[in-house]
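Across the two complexes that follow, subunit A remains constant while its partner is subunit B and subsequently subunit C.
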Partner chain A sequence: MKKLLSLILAAILLFSLSASAFAQSSAEFNPKEEITLNFPSIWVGTDSKAPVFAEMVAAFNEAYKGKVNIVIEEQTDYQAYRDKIRTMITTGNLPDLFSVDVFKLNDLVASGKLMDFAPYLTDSEWAKTFSDGSLQEATVENQLVAIPFESAGFGLYYNTELLEKAGYTEFPKTYDEMFVMAEKLKEQDIVAFPLMTGENAWTSMLWYSNILLAVGGPEVYNRGLDDPAFVTAAEVLKKMFDYTSSDAVGAGAAVVNGHFLNFEAAVYTNGPWFLPRFAKEGVNDLGNKVKFALPPEYTGGMGTFGGMAGTVQAYLCAAKQDNPEKEQAIVEFFKFITQPEWLYKLAATAGSMFSIKLEANPDDIQVKQDLASAMAAAPYLVKHFNDQMPTAVANGFPAALDELVLGEVDAQGFVQLLKDNLD
Partner chain B sequence: MKLTRHDRIGLVSFTLPGLILFLLFFIIPVGYVLVVSLFKWDGMTEAVFVGFDNYASIWKTSVFRRSLTNNLVWALVATCVQVPLAVLMALILNERPRGWKLFRTVYYFPQVISGVALAMLWSAVYNSEYGLLNGILKLLGRADLAKNWLGTLQTAFPAVLIYWVFYIGYYMVIVMSDLSGISKDYYEAADIDGAGKIRQAFAISLPLARNGIMTCVTLAAVMSLRQFEQVYLLTNGGPANRTSTMVLYLYKQIQNMRYGLANAASVMLIIVGIIVIVGIRQLFKLWHAAYE
Partner chain C sequence: MTTIKQTFRQASGHKRFTPANLFKWLLIVFFAFYTLFPLLWLIVSSFKTNTELFGNPFALPEVWQFVNYQNAFRVSGMLMMMGNSIFIALSATLLNVVLASMLAYCLSRFTFKGNGAIFTMFSAGILVPLNALMVPYFITITSIGLYNTRAGLILLYAATGIPMSTVIIRGLMEGISREIEEAAYIDGCGFYGRFTRIVFPLSRNGIMTAATFQFITCWNEFVFANLLTSSQNIRTIQLGIRYFTNQFSTDFVSMYAAIVISIVPSILLYMIFQNQIITGLSSGAVKG
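Our next item is the complex of A and B:
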């Protein structure tokens, strides 16, 4: 009984503390009339962040009752969401709030329609909560045009049971060794790498990004597409297609994910949001048989072992406002949803990682803890290929990869196809 | 007949709303497309006038030329294979064989199924790992023929085309409605003259159903030029843009934020559409003339 009472008291104390924290911030903000902010959001429906995100919005609306009201406009498809935001930008009707993933912030800044958060963040306590460098990534032409929200590192995940069948207990350290392993897996009729060229060729693009860093080092993108590393990395990627499934050309994310989750493929890459799915959707107790691995080293390459593709995966943006109170309301909302309490909850349910500093969570699944440790220890984390390239080049990647894999062009031709997409 | 003032007022008041809507929702947007096609514009920054550079630029692109070719092949298959198949089925069902109502429903049924569902279904049929088609080939002992049908350069476009060709229900129903309006007297007279069913089909049914057939051919050609959904869902234009169509091409230019190029492609699509429709009308004029 005493235990129960103390638990209830602790819960009340925690609630009153958090409520007072919200009330305090809410009390400081008193607009003349209630402000409504429209937020077309992708974190709805079956999205892994949807339940907690809905809770966050409801809690904010409650804490700011009569002052600010966030209205969520549900968008359940990522591509449709991007199309919508693109159209709204073009027609000059940006929503009050929105999130950005594949858009280039540079492109958005050119529109001159984004709110600048610099006045609210420079030298503020809020700024100190963000991880190192993330605010700089969101700064374009001295304007802080977005709030870095979700971050990601793109390591590798391997099925220990399948690797054991090929005689491996650990993941190889170099690409040469990795191909020897792939050959042994092939002898066992096991797909080594589930790859894709359909949709945005996402997982293949992640592989290419990591190979590129291994070959050309962290400065590879600064040297541009003329750097030979792009060709060498394409050769390595093409070779990987010798060890993939027969439906890789034209395959979308569902196919690739399906192969790994169904115990048909051995090595996989994706962002941290996917990690909880190993246990939830994988067959044969996959969740307990997956281990994290660092991307291999390329013999003679300029990369350093441990370096990997990693990036701010999603930004929070807002339309430029004429009304300072509306601007303040936006800041209040973004401050609210970037509070660690909420992010821990999101991380636990959706597997997400954030651009806000959070303590390591011992309750996280092992692969996520390993990824977090690897990111913390990484000699460099460099944005992936799609983030580095102009939109048209990133969009041209899947078709160029098709040409490469189907033997229509060689690695040099692949890079030329990418270059053809430049203005 | 000379129109009175009252008639003229009636004529104007009945046609004006339609004309205004046509102007607002067709002429002005087409004009806008035409204007934007002359600019380099990313939707973010100021548009820059480039004249016909966008047209020259897309014409130089192999993806655009392939998309145009695919559209034309598609239109050709639609008008020369799909519509004739529909006409053939309409002629057969018009003879009211046993179970004709069931067949009519079965042939029309795919028209009421979402294109997305059909695309997903066929995507599964063509899949190389677990697809039905490869499964059948393996059962028949021809595993050597099994392949990634939508991911192979030689088979992707035919695979996309073939499944669609057999969805003939829509055109079949149009032709059947025309055939059902033909007087039985013609057929009775032909029977007395000793004409067989095939002769009757060519001498009576087809000429008298030519308006319906022309409608089908025109619709089939126009729909082929507008192809997007099915290609987008099945292959997204791949592999290596081999199944791309003009609408998909312009959609991808929008994704690339190259609105000038997208609009230039739209104008080209409109021009191709006009040429195809005018061509079809001329062909049918010749057919009409043969019976007048």
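Our next item is the complex of A and C:
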């Protein structure tokens, strides 16, 4: 009871402090006339962040009434959103505000049309709220071209009931042991790993990223695609396809998710945004039967157990402005939506994790708490393969994986196909 | 008695059972099933829960989820988007067939230098993937001030459909007897009169076919509808359908409900104009 009371009091204190900070900030910012900022946003419709995001924008518009008005342009398709932003950048018609996920910040900077946040963040209180290193990741050519917003770690999640059928109560610690377990699951007619080669081969790419780190260590990407770790990791990934579902070749995310949620597959990987869905959409009380596991170690590999793939999942960006007041309005908005009380709400409803430092939330579901602890204790968190590679290589991953799985190329050929995309 | 049976068979069109007859009916049933099954599956799936859909995709829903249809209307504002789609698709189709039939008339009825080159140029337009033209179209539409307007989409759809419509209508216009037009000419009918009173009405089957293709293309178009609009009151139904997908998950059943709603106008249109469409397809408009 005491613990609960202290938590409530802490939350009230936090909220009132930040609310008064906003009231102060809002009172200090007095533009000559109301500034309208257009924000094409994908956090709308049925997106898990949509309800809280709409609340955040409404609260900001209320707090800055007559000063700043955020107008949301609803974008309902992620790929179409990326295409639109790309087209707008190319044609010099950037929207005032937007978010990016898979874009390479270097490519965006080349357009010369992004706002530089460095003057507003360097040595500021706001900068101290971001997790270590996240602002550096958004700095390109000495310009802070984006505000890191959503982050992610990519651990493993396993169905305890299915693993028990194969005689396991804990997840194996090495890849060799994991394959022994996969064999036992196969004997029970259970799919060990739901994998995909369709769309962007997302979950397979995450597996590959973690295997790469286990084989080649955290510096593997710095050594480039010629490093033998890329071939070894491809061999391990190919072996995993011996224990996947029959529809894995060409499968998209919906197929992979469907297998795990429907108790048909034992081990799954994805970002924290997916975790609330175990309970919401899983059958047979899946939410209470899923446990978190760290990616295994590769025997003889350069990785350290506990290290995993992680990334900044979404950056907030803005178009370069001629009007300093408009620039200030953008900063006010981004400061507003990166406040902890909003992020706690977003985390609770969407399962998101953020690049802003937050206290551990005891109300979070267990797997998310375990992931957060694992990320905090991780010897290293390294961006996943798609983030590390040039866009052409990342885009070529699904096709190369198809050929690897279908036996048209071996692991060496797979890496060569990736390299060919660099030409 | 035998005579009565024979008379009944003749009157009702019944034929004696033969292996060829059986094969014919097997083919008909197979293709009917092949064509209709996905549609029926879509409709049934739109009444399931997402868990039922993945658990047993071909079973009937345990409880019919009419709430999926409520979601379709509530979440995405389907009614307004459907209204926009109808207005934009009909306007673009009308503009497209008027322009394409005028072009097809010139290309099919007159011999002049460059006729073949112009036709080849327009035909080549069919082969260009529209997504590759996002940047130039975006620049064009924004620079003429039609970004985020229905007129922008209407103009774009009408223009991009001209190659296909011209090929279809020209094929049919070439088949119209030149003597009819010559008789009209002798009777004093001018260039515009021959087009509007003789060739255009006689080409109606081909025009209906082109209009059908054009309408369906406009109705299903998503990329430019998203690229060239920003406000909800301009947007079309295909954007509404995407409201049920997000980066890592999709509410498939509500999306299916939205898709079922979205295909109703196309089916109604086909039912109304099916005679003209079938005649147009079978009378040479889309034959090679």
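Definition applied: the second predicted complex is superposed on the first by the 401 of 423 C-alpha atoms of A that agree within 3 Å, B and C clash if a C-alpha of one lies under 4 Å from a C-alpha of the other, contacts with A are read in each partner's own complex, and residues count from 1 in each chain.
Keep this in mind: contacts are C-beta pairs under 8 Å (C-beta built on N, C-alpha and C of every residue); 3 or more make two chains touch, one makes a residue touch a chain.
These numbers come from a predicted model, not from an experiment.
By the document's definition of touching, of the two partners only subunit B reaches A:G198; subunit C does not. Contacts of A:D107 after superposition on the shared chain: subunit B is touched, whereas subunit C is not.
By the document's definition of touching, both partners, subunit B and subunit C, reach A:T90. By the touch criterion defined above, A:W273 lies against subunit C but remains apart from subunit B after alignment on the C-alpha atoms of chain A. Touch criterion not met for A:T349: it reaches neither subunit B nor subunit C.
Looking at subunit A, you'll find residues 83, 90 touch subunit B in one structure and subunit C in the other. Of all residues in subunit A, those touching subunit C in their complex are 38, 40, 42, 44-48, 73-78, 80-81, 83-84, 87-88, 90-91, 93, 101, 253-254, 257-258, 261-262, 270-271, 273-274, 277, 281, 283. Residues 82-83, 86, 89-90, 107-108, 110-111, 197-199, 245-251, 255, 391-392, 395, 398-399, 402-403, 406, 408, 421 of subunit A are the ones that touch subunit B when the two sit in their complex.
On the subunit B side of its complex with subunit A, the touching residues are 42-45, 63, 127-129, 147-148, 150-153, 156, 235-241, 252, 254-259.
On subunit C, the positions that touch subunit A within their shared complex are 50-51, 54-55, 75-76, 131, 134-135, 138-139, 142, 222-223, 226-227, 230-232, 239-240, 242-252, 254.
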